[in-house]
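Below, each structure is written out as structure tokens.
After this come two complexes, each holding chain A, first together with chain B and then together with chain C.
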Partner chain A sequence: MVKQNSRAVIFQERMNSGLEKLEQFAGEFPEVKEVWFATDFSMKDKKSLSTRIKENGVEKIIVAGRSPGELKSFVSASLADAGKNPEDLTLVSVNGTILSDGDLLSVFKAKILCAVKDVHFELASDSPGNEVNKKTLVIGAGIAGIQASLEIANAGIDVTLIEKTGTIGGHMAMFDKTFPTLDCAACILTPKMVEVGQHQNIELLTYSEVLDVSGEAGDYTVKVFKKTRRVDLATCIGCGDCTEKCPVNVPSEFDAGTTMRKAIYIPFPQAVPNKYILDGDNCTYVQKGKCGVCAKVCPVECIYLDDKDETIEIKVGNIVVATGFKTFDAEKVERFGYGKYPNVLTSLEFERLLNAAGPTGGSIVFRSKDKKGNGIFEANSDSPERIALIHCVGSRDENYNTHCSRVCCMYSLKMAHLVKEKLPDADVSEYYIDMRSFGKGYEEFYERIKKEGIDIIRGRTAKVEEKNGNLVLRSEDIEGMKLIEKEVDMVVLSVGLEPGEDSQKLAKSLNILTDDIGWFAELNSTNQTVNTVRGGIFVAGVCQGPKDIPDSVAQGSAAAARVIQSVINSKVKKGLSDLSYNDIETKVNELISTEE
Partner chain B sequence: MSTVVNPDLNAKLVKFGNKSEWNECYHCGNCTAVCSLTENENLFPRKVIRQLQMGLKDKFNSNIDPWLCYYCGDCSETCPRDANPGEMMMSARRYLTSVYDWTGLSGLFFKSVPALIIAFVLVAVSIIGVGYAKQFNLESIMEFGHVFEKMLIFSVVVLILIPNIFHMFWLTIIKEKIKAPFLLYVKGIWDLFLHMFTQKKSLKCEKNTFRWFEHLLVVFGYILLLITTVFLNWFSTENTYIIWFGYIVGGLVFIITFDFILERVKKKKELSKFSHPSDWLFVIWLFLMGFTAFIVRILIDTDLISNNLWLYIVHLIVIAQWGILIVPFGKWTHFLYRSFAVYFANIKSAELNS
Partner chain C sequence: MEFEPKIVSFLCNWCSYTGADLAGTSRMKYASNIRVVRVMCSGRVDPTFVLKSFREGADGVLICGCHPGDCHYHEGNYKCLRRYHFLKKYMAQMGLNPDRLKLAWISASEGKEFAQLADEMAETIKSLGPCKVKEEMEIFD
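The block that comes next holds the complex of A and B.
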């Protein structure tokens, strides 16, 4: 039995976001004598706490907060100073990523209950688990979703893979090379895409979105909105006659707007499924009832112009969410002139220029205009001689996004290298705040690029202006202790990553949580990195937070491991949000009585 | 040469109004790059923040750069860390004012509001005391006021301003071992006065044109009001031209300063977002000076002044507080230090480039 009146609970700071009740709650246990706040103590002076410990006869301390570990050494030293056992302290993580949700109050209460009663939370919150439907749903078919699907399908488990666009592949399919090995991205991705397309355990639903999810761990019912492609996948032979005749031109999403596509189109030659899509929003027939030329020329009559969207329901046991990201809208930073000066590009546009399979066949050229005035890139245009890359556009900035997007430093270095490869005489400069080459082989890659004759300058660019037909950028060269006003021909903005358009909506239908920025929240950032608060729902890839391709692949595999584990055990553990405080309290009492 | 590091330097600056966020700076260089006034010879604000973070007190005290900033606010607006470099430069100017001031009163007044209030009350009581000694006789008080103004200007210039400028010169030029030929000093004199009266440099901050114009009008209005009241004896002259001239310049001063006060209340512009007590005092007292002078002269013209003696005494109190406290120790010194900073900086860069 725990002695009454012998413990103190220290909160890291005053609670907010509906968690204020925790403060009172903690004080109501007979075992708890004092509730303190770390902000009332001086971290430099252990006496400030140890005198309070002695005065109140406290034997054990529970530290609760976003990151209670920060207080560990201070509290431990104070306990020792007061003549108590320095190890008599328990840390309770009232985790920041799930702080914003009032529903989780009961979980945090349960955590404090366990700490006060000296019971491991993991033991008390362990549940026998639900029966599991073997079939698994993967949402999003970028590299993380593809990886997870293949891992699960290769274990003999049925997978339904849902993709919003007309093809799988995601952002990775748009890239030319991957860092730091400079492998060709398509050479890694395309075989995986083909494998997904042909896998007997994978059912692919492209052009589809999740509308709603109901049920519980192991038995979810998912409503899927299937947009019609208006092209029959089984009969389309991919001949392309329809595209040739289609009169509509719109910017190509796959090419990041660097070129135009038709209203009936195939996103790119290696698309999976390699069949045409009719984009109803831009089709003259669908919008105005006129035209329909594509259906007339189709040799196999596979185009159904009057097809309607449908909603279907599928039943699954586990769900892997891998919905990826969107890039920062560079037009928000007016000082860089994106949208105003034609040769200020986003990194995604530049990525398409560098790509041998891109609109220019890999030539780096100036933006030109088509007949209708759309800014596009054409292979026979002139090439720039001076190119500048600006890091951290929309990232690490209180005015836009405060987070580091993790990939921009490395992809910018990669781009600089590729420019040098294609235009050896080009003057290439990069402007960065801090060079974050943190991964395996990344620092070595950075060192290598530095030797390739690229000016890599520490100093954030403040503005880009047009003077006498040239782009002029202004930066401080911090290491060179001077101001830089540099004339260039082309500026590439290394835009950061943001949560996807519909991520909040999806989080709501899945009933999982997002963090302050909007990334899907993992349960615990160190040992439950793919779990969410709901049992049987896992996250992978950038939708959980910015990461590069190797990390996305790793997380895709990790999420798959959790799914496979539950199918093999035929049980899926309940999530934290499925447990009630009363259940845990009962379990705690059971555990205490068996101990005695 | 060894460099003394003073880790308390930043805490000191906070007392001069620096926002605590300044330490959020991660040295991206955005503020320097966005600044329209910085040059290779004078890189700011980032380098100033660096000196502050490292506690390089001697270097900081010898730094002219804070005076070359006219606070357009671009740096604070675009700072990715919300570290308010613009306000840091402003507090650096307050701090440097206290460093140059040999009496130590400047630092006291910037840091302590109670000290400031006591000083203001003391001055007011003394003026009322003078009135009492003169048995509240209008004519003799006005006579005293007139002599007092002249004496005040003379003593503030000789006892405080000139020695402080020499102190600034010693810190920023001599101590920095800048050995410029005498001719450079002579050549620069024109620039010195040009910048003193026009603040020409601030025009380079693009958004500042209107603000610059307002400021120019206030500077000229203030100087002309000074000349009209002190040397042309506005309050007792019979000359219609002088009387009207006085009305115009007096009106100019209080109307524009009223706008400055409004801006500080509205806090819309980066420049007027943060107001230190010294900023409030400066604009309000400038307003009061113009306004009370204007009213006093109206009362003289309408022959009502003998019934409203107290208003003249209020005017005299405002003048005395302005002349004894704000001019030598407060924000007024910007007028001098800014222009001398341009002067010294030009000499310094000419010397460094030669």
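The block that comes next holds the complex of A and C.
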């Protein structure tokens, strides 16, 4: 039995965002004498805390906060200084933003309860687990979702894979080469996509979105909004007569707007499923009731123009969330003139331009305008001779995003290499803040690129403007201690990664947490990297935080391992937010009484 | 009637077959003389495959693999390259024009390159005329 009035709880700082109640809660235990705040102590002076410990006769200290480990050495030293056992302290991690009332508050309360009563939280919160429905849902069919689906399906478990767009593949399908090996991205991805399309254990729902999730770990009911393709997948033969006749032209999402597509289209030639989609938002028939020429020319009559969207319900045991990211909107950084000058490109547009299956078949050319004034690329245009790549656009910048997007340095180096390969005489320059070549083989790749005659300059770019028909780039050169003003033909902005548009909505319906930026929060960044606060819901890929392709694949496999684990055990562990405070309290009392 | 050569082409599963597939799904037109045999890797192409193709009446043989460094089995395409040079020499010794055999690197995004390659190959073989190996070997049968 713990002695009364023998403990102190130190909060790292004043609690906010719905967690204020914790402060009062902690003080109400008979065992707790004092509630302090770390901000009241001077971290450099252990005396400030040790005198308080002595005065109040505190035997043990509980540290609670976002990262309580930061206080560990200070508190421990103070305890020793006060003549107490320096190991008598417990750390309680209280982090995460509350999405709906009470879901995590009770968990944090339970953690403090356990700390105060000297019971391990893991012991008190260990539940027998729920029965698990073997069927698994994977949300998002980018490389992480594809990897997770294949791993799970290859273990003999049924998978439903949901994808928002008309084809699986995600962002990786748009890339030309992967770094640092310079493998062709399509060579790795397309065989996997075909495998998903043909796998007997995978049910593919493209052009669909998750609306709502209810139920508990092991038995979730998911409402799926199936947008109509208006083309019957089973009968469409992919002949392409409809596309030829369609009068509507809109920028192609797959080509990042560098080419135009029709309202009835296949996202890209290697799409899975390789069948047409009628894009209702841009179709004149759907919007205004006129046209309908595609249905007239279709030789197999597989186009149903008046088809309606539907909502279906599926029951699953586990859910893997792999919804990916969106790239930073470069127009927000006005000083670089994206959207104003035609030859200032985002990296995604440049990626398509470099791609052998891209708008120009892989030749780097100036952007020109089509009849309607849309910026497009034509294979027979002139090639630029001076290309500048600007790093960290929309990343590591307090005005936009403070986080590092992790991939931009490497893909910029890769692009510089590919430019040199295609245009050996081109003058290629890169402007970076810090070169983050952190992965396996990345630093070696950087060293290799440095030897290829590319001007790699350290310094932030101030401005890109047009003077006498030329783009002029102004930057600093920190290592050369000077300012640069340079004429260039083309500027590529290495845009960063941001959470997807619907990620907040999805987090709400799944009832999982997001961090301050909007990435889905993992339970624990060191040993529960794919778990969330809800049992049976796992995260993989960039939706959890920026990462490159190898890491996304690894995380996809990791999430799959958790799913397979629960199916083999026929049990899925409850998540933190599924636990109730009262259950834990009963368990704690039980544990204490058995101890005595 | 114009001579329409038969060209047996061995395409690796990962890069070249997908590249040829891209040419098809992108609706590119290329010479219909190409007969595709899918192999898991260009390193799988045994020299006897090539010789057997000629023996059975092929007029040309095309081998396509991943670009150097891209091989999914690390070095299959290098092994293929070694055999290719050996085969070329051997073919010359056997009285077969080495130009009837061609090795090329095609990645999965190079549908257009594959279409061009197929057209060029068909042109080359057309200019060389029919390969008579099959008829001449019939004496031994």
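Definition applied: the second predicted complex is superposed on the first by the 588 of 596 C-alpha atoms of A that agree within 3 Å, B and C clash if a C-alpha of one lies under 4 Å from a C-alpha of the other, contacts with A are read in each partner's own complex, and residues count from 1 in each chain.
What we mean here is this: a residue touches a chain if its C-beta (ideal position, glycine included) is under 8 Å from a C-beta of that chain, and two chains touch if they have at least 3 such contacts.
These figures come from a predicted structure and were not determined experimentally.
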| item | value |
| --- | --- |
| Partner chain(s) touched by A:D176 [first = chain B, second = chain C, both, neither] | second |
| Partner chain(s) touched by A:P424 [first = chain B, second = chain C, both, neither] | neither |
| Touched partner set for A:G459, first chain B, second chain C, both or neither | first |
| First, second, both or neither for A:G240, with chain B first and chain C second | second |
| Which of chain B and chain C A:N274 touches, first, second, both or neither | second |
| First, second, both or neither for A:C187, with chain B first and chain C second | second |
| First, second, both or neither for A:G361, with chain B first and chain C second | second |
| Shared contact residues on chain A - chain B and chain C | none |
| Chain B contact footprint on chain A (complex, rising order) | 335, 392, 396-399, 433-434, 458-463, 474-478, 481-484 |
| Residues of chain C touching chain A in the complex | 13-15, 18, 21-22, 25-27, 66-67, 69-70, 72, 107-113 |
| Complex contacts: residues of chain A adjacent to chain C | 176, 181-188, 190-191, 238, 240, 269-270, 274, 355-357, 361 |
| Chain B residues within the chain A interface of the complex | 26-30, 32-34, 38-40, 43, 46, 78-82 |
